[in-house]
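Chain nomenclature is as follows: A, B, C and D, assigned in order of appearance, with residue numbering initiated at 1 for each chain independently.
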C-alpha cells in the first residue's frame, strides 16, 4: 500500500531563517501581525486586510472569557494538584470544549454553508445550532455587536442574513456561537476550523483563570464544599 | 477551619450585559481589542496602549508556529484517533509544553526579575534559561527582532540588557524564550503568567496543524513508519 | 429551576474509615480484589465472582499493550517536553482513544444490546463496529481466545453468537473490539462503560511506554526525522 | 550527530501473533494474568508470583477511588461539555495528578531508595513525602492494611521499616502514599514508575465517576452554584 507522504507547509527554519507559511517570521510577521491576524494567517495562509482583521479578532475575542464555566473550573481544579504544570491545566480546561458548548459554532457554520434555505434547515433539524441562550434573551448582546461589526466591515452577507432569518422564524435568539458561525462563513473559513477559533480563544481565557487561581484560589474550597454536599445523604459510621 | 471564599473578578453577566474585568464586552471590547490585546487585558486587567500592544502581540506571535514539533506531532496523532474531538487533540499538544520547551521562558523571566546581577546569575546557575539553540546560532533571528521591537516601542530596559549581558558573558545565543522572558519583565508581567503566553500562542498554532492534518494527513504514515522501525530488531515468528 | 442535587455514592471517609461503594476499603477490598475486580466493582457495584473476574480481567488485559500506536507516540512525544509531568503524558495518550480506535468497542456493545437480529444489523449499517482488521485476518487471535475464555467461564451467550454470526455473514474477521463489546453485553455492563474499559487498560500500557521512553527514548529521534521528511519538498533559502 | 535508534521492546504483532514483552498475548497472558499482574508485567517485564501479585494489586487498588476529589471533579466538568469524548474527560482528570497529590508517592519511593538513614532524611528534608493526612490520623487505615499485607506476603522489609521509623520520629502518620512508596521499593520497582501506578489506578476510578455522572449528574449544578458564589460580591448592573 502506497502511503501518504509526510508533508507540512506550515513552517521551516534554517540557521538564520524562520519561515511560517511562506513569510519570514522575524522580518515580515513580528511587529506587523497581531495574535488574531496570526491565527487568521495560520488558518487561511492569507494575511487579513484591515477589515478582515477587525472582524476576525472580534470573533475570537468574544470567546476568550465567559467567567466561571465548567472549562475554567476543570482547569482550576487540575492546577490545584499540579501547579508545576500549568499547561496541563489549560489542556484539561480545553478538553471539555466539545459538542455541548463550542461545538454549536461548528454546527452553525456547517449548516449555513450547506446551501440550504431557512425553511429547509428548519424542516430538517429539530435542534438548530447557534440558536437559544439560557440567559441572554431576547437578544444576545455579543451576537448583536458582532453583526454590527460585520456591517461596519462590509461582511454582513447572506450567511448572516440566513442565520438571522432562521432565528426570526423560530422566534429564538441568535446566540454568539450562531453569529460566529455565520461570520466564519462570510470570511470563507473552513467549517472544520471554526471549533478551533473557540479552542484557541479559550486557551487565552484559561491562562487568565489560572493566574487568578494562583493569587486568589477557589479550587480547594470547591472540592471540600462539593465533597460534603455529595456525601451528606450517607450515614457515615 | 475558615475556608477561602470562592471569588472571581474575571467576568459576569446578566440578561443583557456581559462584563469582562470591569469592561462591557460587546460595547467596549469587541471591535476594539485584538486577540493579543485581550490576552494582555486578561493577564493584567489593563488595556495595553499602542506600544504595549505591538510588543506583547509580537511576543505571542513568535510562539504560534514552529513547524513540526513534538507538540504538533502529539496533536496530530491524537486527532487520528479522535477526529470528532479536535479540542482534545489541541489539549494533547499543549500537555508537553513543560520544563523542556516553553518552561525556559518562565525560568528566564523569574531569573531576570530576581534583582541579581549577571555575575551572580552565572555563578549560581549551571544551566541558564533562555540561552542556547540547537540550530539558530550565533543569532536567533526572533530574539534579535524582538529586542528591536522593544527598542522601537521604548521597552528595551534593564531586563533586556541583563539577558543580553548574560548571553555575551557565556558566549551563547539569547534565544526567543530568553528574549520573551526579558520582555515580559519589561512589561511588568507576573512571571507566573509567562508560560501561559506560550501555551495560548501554541494553541493557535496547533489549530493550524490540525486543519492541515485534516486535509493533508501525516499521522497514520508516521505511526506505521515508527512502528516498523521500532520493532525491526525483533525476529517475529 | 430546581437543580439536581449534588450526590455521589462511590466513596466517603471519616477519620478512621474509608468506604468505597459500601465496602470498607482496607478491610474488605485491599488484599482481596485485584485491579480488574476493582474496576468491575467500580462500574457495577458488585464484586465479581471467580468466573466474572477471569473474563473481565481478560477483556481489560487485552487492551493494555498494542506496541507502537498513535496513542503511545502522543504520550512519548508529550513526555519529551514535560518529563516532570508524566500524568500529562498519559493524559495526552488517552485523548486519542476516540471514534477511530477504541470507540468501535462501544459501538459493538451498543449494537449487540439493541435487540436486533444479524440481518437487521447488516441491513441498517454500512460499517459494522467490531469487524475487520488491517493485519489480523482471517482470525484475530485475541477475539478467538476471548470467546474461548467466555466458553470456559459460561459466558458465551447470545451476544457472542450474534457478533460471530454477523462476522460470518459479512465474511469479515471479528476483531478484539467486537469480542470485547460482545462480552461486555454478556456481563451485563452498561455500553456507556465499555469505552472506559479501553481507556483504563490503555492507561496501564501508557505508563509502560513512558517508563521505556525514560530509559530508551525515541521521541526526539521521531521529531527530527519527521521534521526533515515533512519539509524536504521545500527549497529552504 | 548520531541519533538514538527508534526501538521498543514492549510488543509486536504479525498476521497471527500478538506478543507483549516476549509473551504470546492470547495464549500466555489472557485468562492468566489479571489487570494488576499485567501492569506489573508491563513495568518490570516479569510475571509476578502469587505474593507479588497480591501486594502489587493491593497497592494499585488503594489508589482507584477516593470519592469526590479535584481530579474526579475535573473529569465530570469536562464530560459535561464533551460527553461524546469520555476519554478526554479521563485525561482531564488525570492531568492534575501532579506534585500535590500523587507525586508524594514518587517522592517517598525516591527518598526511601536513597540509602540514607531516618536521621539523615529528617535532617535534610523540611517536608517529608508520605507523612501526614488532613483527616486520617493518628493512623491511615490504608497504610496500616498495606503494611499488614506486606507482612503476610513476606515483603515487609527495610524500606517499610524506614518509612515507619521516620513517621514515628516525626510523630506523624504514615499515609497511603508513604506506604505505597515503601512497598514499591520492596518490590524493586523503579521510582520513576511509582507515580504511574497512581495514574493507572485513578484512570480506573475516573471511569467509575464518569459512569455515575452519566446517570446521576452533578457537574451542571456545581457550575451554576460556583458561578453564583464567585460573583456574588459584584454589583451587577
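Note that contacts are C-beta pairs under 8 Å (C-beta built on N, C-alpha and C of every residue); 3 or more make two chains touch, one makes a residue touch a chain.
The model shown is predicted, which means the values in this text are computed figures rather than measured ones.
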Chain labels contacting subunit C and also subunit D: A, B
Superposition rotation for subunit A onto subunit C, Cα-based, multiple of 5°: 180
Centre-of-Cα separation between subunit D and subunit B, whole angstrom: 31
Intercentroid distance (Cα basis), subunit C paired with subunit B, Å: 34
Set of subunit C residues in contact with two or more other chains: 5-9, 12, 14, 17, 67-68, 82, 84-85, 87-88, 91-92, 95-98, 102, 218, 220, 222, 226, 230-231
Footprint of subunit B on subunit D - complex, ascending: 5-9, 12-14, 17, 19, 82, 84-85, 87-88, 91-92, 95, 226, 229-231, 233-234, 236-237
In the complex, subunit D residues that touch subunit C: 3-18, 20-21, 25-27, 29-31, 33-39, 42-43, 53-54, 57-58, 60-62, 64-68, 85-88, 90-92, 94-98, 102, 135-137, 139, 141-142, 144-146, 148-149, 152, 190, 192-193, 195-197, 199-201, 203-205, 207-212, 214, 216-218, 220-222, 224-225
Residues of subunit C defined as touching subunit B within the complex: 67-71, 73-74, 77-85, 88-89, 91-93, 95-102, 218-220, 222-223, 226-227, 230-231
